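Several structures are given next for inspection.
First chain A sits with chain B, and in the next complex the same chain sits with chain C.
For the complex of A and B:
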């Protein structure tokens, strides 16, 4: 049997999730034995217009000019996976979405803001452009989760994302609660799957993987305010990675 | 020669981010020669305005997945400067060690994954994995330890976790450092083998020379990477030093219709940053063990061949490897100790930092209000500073190649290799921030 053909594509992003894949070491070689990587622009010159079994898309959808490319990928691919938070939810790119176009363009390009090649729209998840079958959130992705999702798909198993909070993973690791260190942490509503990597390094969770399916957001705000954060900052705290979720109630599937 | 050439590389592969090469020539007459940057802009400047200082490095880290360690270090240094935070000697050494880890990691990724396939006549490392398994296994071994090296110090090599104003949220253990030293020493034969591999491929590196201005950090104490002043080296050998706070005298940004990234220029039409610029500026300060591969590879400064940036990167990787080992010994001699974080208060102030990251000199410049909320920012990224120089190189190279009667395929490869030699980080370069607008 032919190995499944997989390809990697990138849109508006830092390409850090691809970098994580090059850090896989032995896992990458194992992966190469199980699949045929037919396109991966950052490390390969080879391209293809053939049908794909799995298309991995990194980055947000933030320009109309990217739509034909995304549709083409969708058309060719049996399975589309949005990997990394930029693709899954819009991620950090959405942090400026609440500002009017002219404001963020002026703030960056100044007098040249009206040049046509600088045109963008709100940073959106890939699912705003084409149907996405699965998402692997995280900024960056968690390698083990990435390998598990690929492995599940290759073995005909339905991939899943944990639907419990980072707090659960954090407690299992017996970490000191960041709130006990007078910090504000989004662990109570953040989607687990990262192994609580930030609190385990003594840094609060910023919910880079988005939220659990039914976050008690009102209560989260209350906890932040009770911990001394000004209400105006509490209300915008989770925008760092989850602005689209807050604004549009988007959650990765 | 009377060739007709139509090159439209959209997008160039094996580079970080999106760039196009457009060249048209009819009957040997050059009509168009452009390096275009169509990368989607992300507006980081707008993103960090209104955010708390404790979040800024975490956000600007996301400018680039490859250089996230560099962005975080530059960001933290700028914030510390604004709030007058002094870090301990241990923190300073650990950050320098981290800087070397990033340099080593990024340069090896570039040399092996992005440059070597051209020199070996392959489209990518994927076919090399079966045709030259020993080389690819070596690359992955080097890459794995390189990534662990920074991970041990900052928690994760892509978007570090532990770098915070004043120090680190968590320290590596002495056991981890000891193990790291052991793992690094085991790589020594792989580095030696890399020198031999590069030596066997050196003749494939195109012979092209264009003297330009070279800009990089210059530090009287050591090879400029982590600290120092901004140094300029002109083709006639003239050197100048400029204070970090005056970086805008160097960068002089301008917007080109070809690019969503801003361009820069200083004394000439363009300047170059990155490993070749640094090595031209600071060769004498390389670690003695890094001068050996330089000598073996016949590398001499000043070097005006931009394709040799990849060779300069490898020599720098050796410099970071051996300097890193020295720093680990230094840190282990006393042993790492938990330190009390320096106390500080946010205040209304501006902080500017310069750091020489793998692709060249990087500037972060922030203004904060009294509560430590960012009110404006400016980051000038290395690749921005190289775009104009890439264009200038193409303007000289393309007529030379036409003159030599190169065909379309050869020209395409030559131009792709030129762009790759710069190791451009295009996502980064369109995510620059600007300080011009204030409330």
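For the complex of A and C:
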């Protein structure tokens, strides 16, 4: 039997998740024994227009001109997986969404701001353009989780994503709570699966994987304010990776 | 068992532990980033015996945060299962009375007459417990209210009991194994004066507790007040659903199981890991989630520990260590919630025509 055909694509992103996959070492080699990678810009020059078993899409959907390409991938692929925070939720790119277009463009590109390829709309998850079957969040993705999802799909299992807070993983490691260190951490409502990698390295969680379902935003913001942040700044901090989620759920006053 | 009590100088105690290290993994309290954790001891000098409390209790060395239950191998047309067999002998050092009680609570959960959890039994049987009478009253702890401390008043379920007497420890043995380990040391017997001193320390400590909880009729009161406004209000205004309370609680026993399957499907590790009733999906069954609100989940935590546990296991599920409220980002205090219910018992008030 032929191995499943797998391809990787990228849209508005830093391609860091692809780099992360190339850093998998042995796990990538194990993966290569189970699947046939037919397109992957970071590691090979070949491309394909063949049907695919799994298409992995990195990056957010932020330009109309990307729509035909996304639709083409969707048509060819049995399974589409949005991987990385940009693809899963809009990610860090969505930080611009509440600002007027010209403002950040001038800030970032100056004289080149009017170049046609910089013409963008709001940074949205891939699911805003085409149907996505599974999302793997994270900035970048967690390699173990990535491998587990692929493994589950190959074996006909429904992939599972944690829907509990980063605090679970952090407490199991007995890290000093960042709040105890007078820092502000989004761990209590951030979606786990990363192994609490940031708090384990003395950096507060910024919820790059988005939030758990039905989080208590109001109490979280209050905890941040009680830790010394102004409310506007607390909201800005919480928007870092999850602007689309927050803007849809909170109307900042 | 007649108990044996000796005096051991602290220097001698340390060198004895170094000797024990040859036959046991030593586990004890050490400092980590300004707080204390139970950890595998490589250097006996790293032990901090006058610690106040640890983030996780020593349960994590008997009921592991994540552990393999078995490995399943594909073989011909079927499969074989290999259970976990070898666990190292370990000595838990400096276990405070609350945490000792917590382990005994877990024993009731995992070592039922009708079913004994294989992994738990294996580790428990290979664990010696050296308890330590606690002399640190934390602002959040209330073991004296729960009858679980600060001194150990039990006579079984553990091996040694230490009481800090300045330059030396009063060391008592409560098991045959402990007796055998102490025998070669030829320690001087402890005399009455030491026990008097111990009793004096104990009485003095009992008066120092800041937090308390009146457990009279507590079970009934909580069960009668499932619709008390305190649950909804606390869940809405404060609870983040972060599960910290259940992670640090030394009696929480819930776990979930997942399979880690190799790519070639030849091998599968079946792993269990701590789960939490505060997680949204914990109570999800086919077609429904019977604790989909944060209120229901928070109430479950408090009423399980302080009420339904009693019917289930014949003791409270709360041993008064105060970890849940300390590590809660909004410091939700289950004793305060219980007190609020006690103060305004809605069921009674309704019956009396007041609410």
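We adopt the following convention: the second predicted complex is superposed on the first by the 242 of 253 C-alpha atoms of A that agree within 3 Å, B and C clash if a C-alpha of one lies under 4 Å from a C-alpha of the other, contacts with A are read in each partner's own complex, and residues count from 1 in each chain.
Definition applied: contacts are C-beta pairs under 8 Å (C-beta built on N, C-alpha and C of every residue); 3 or more make two chains touch, one makes a residue touch a chain.
These numbers were taken from a predicted model, which means no experiment stands behind them.
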Superposed partners chain B and chain C on chain A - clash or fit: fit
Touching partner for A:167 - first (chain B), second (chain C), both, neither: second
Chain B versus chain C as contact partner of A:198, first or second or both or neither: first
Chain B versus chain C as contact partner of A:139, first or second or both or neither: first
Touched partner set for A:189, first chain B, second chain C, both or neither: second
Which superposed partner A:128 touches (first chain B, second chain C, both, neither): neither
Contacts of A:179 with chain B and chain C, given as first, second, both or neither: second
In the superposition, chain B vs chain C on chain A residues touched: B
Angle at the Cα centre of chain A, taken between the Cα centres of chain B and chain C once the superposition is applied, in steps of 10 degrees: 110
First (chain B), second (chain C), both or neither touched by A:63: first
Which superposed partner A:87 touches (first chain B, second chain C, both, neither): neither
Minimum distance between Cα atoms of chain B and chain C in the superposition (Å): 11
Residues on chain A lying within both footprints (that of chain B and that of chain C): none
Residues of chain C touching chain A in the complex: 32-35, 37, 55-56, 65-66, 236-244, 247-248, 258, 260-261, 263-265, 274, 276, 279-281, 294, 327, 329-330
Residue ranges of chain A in contact with chain B within the complex: 11-20, 22-23, 25-26, 28-29, 32, 37, 40-47, 62-63, 66, 92-93, 95-96, 99, 103-110, 112, 115, 117-118, 120, 123, 139-140, 197-198, 201-203, 206, 233, 236, 240
Residue ranges of chain A in contact with chain C within the complex: 30-31, 33-34, 148, 151, 154-155, 160, 163-165, 167-168, 171-172, 174-177, 179-180, 187-189, 212-216, 218-220, 222-223
Chain B - residues contacting chain A, complex: 11, 13-17, 38, 40-47, 49-52, 55, 58-59, 62-66, 68, 109, 113-114, 117, 123-126, 129, 137, 140-141, 143-144, 147, 155-159, 161-162, 164, 169-170, 255, 257, 259-260, 427-428, 431-434, 436-437
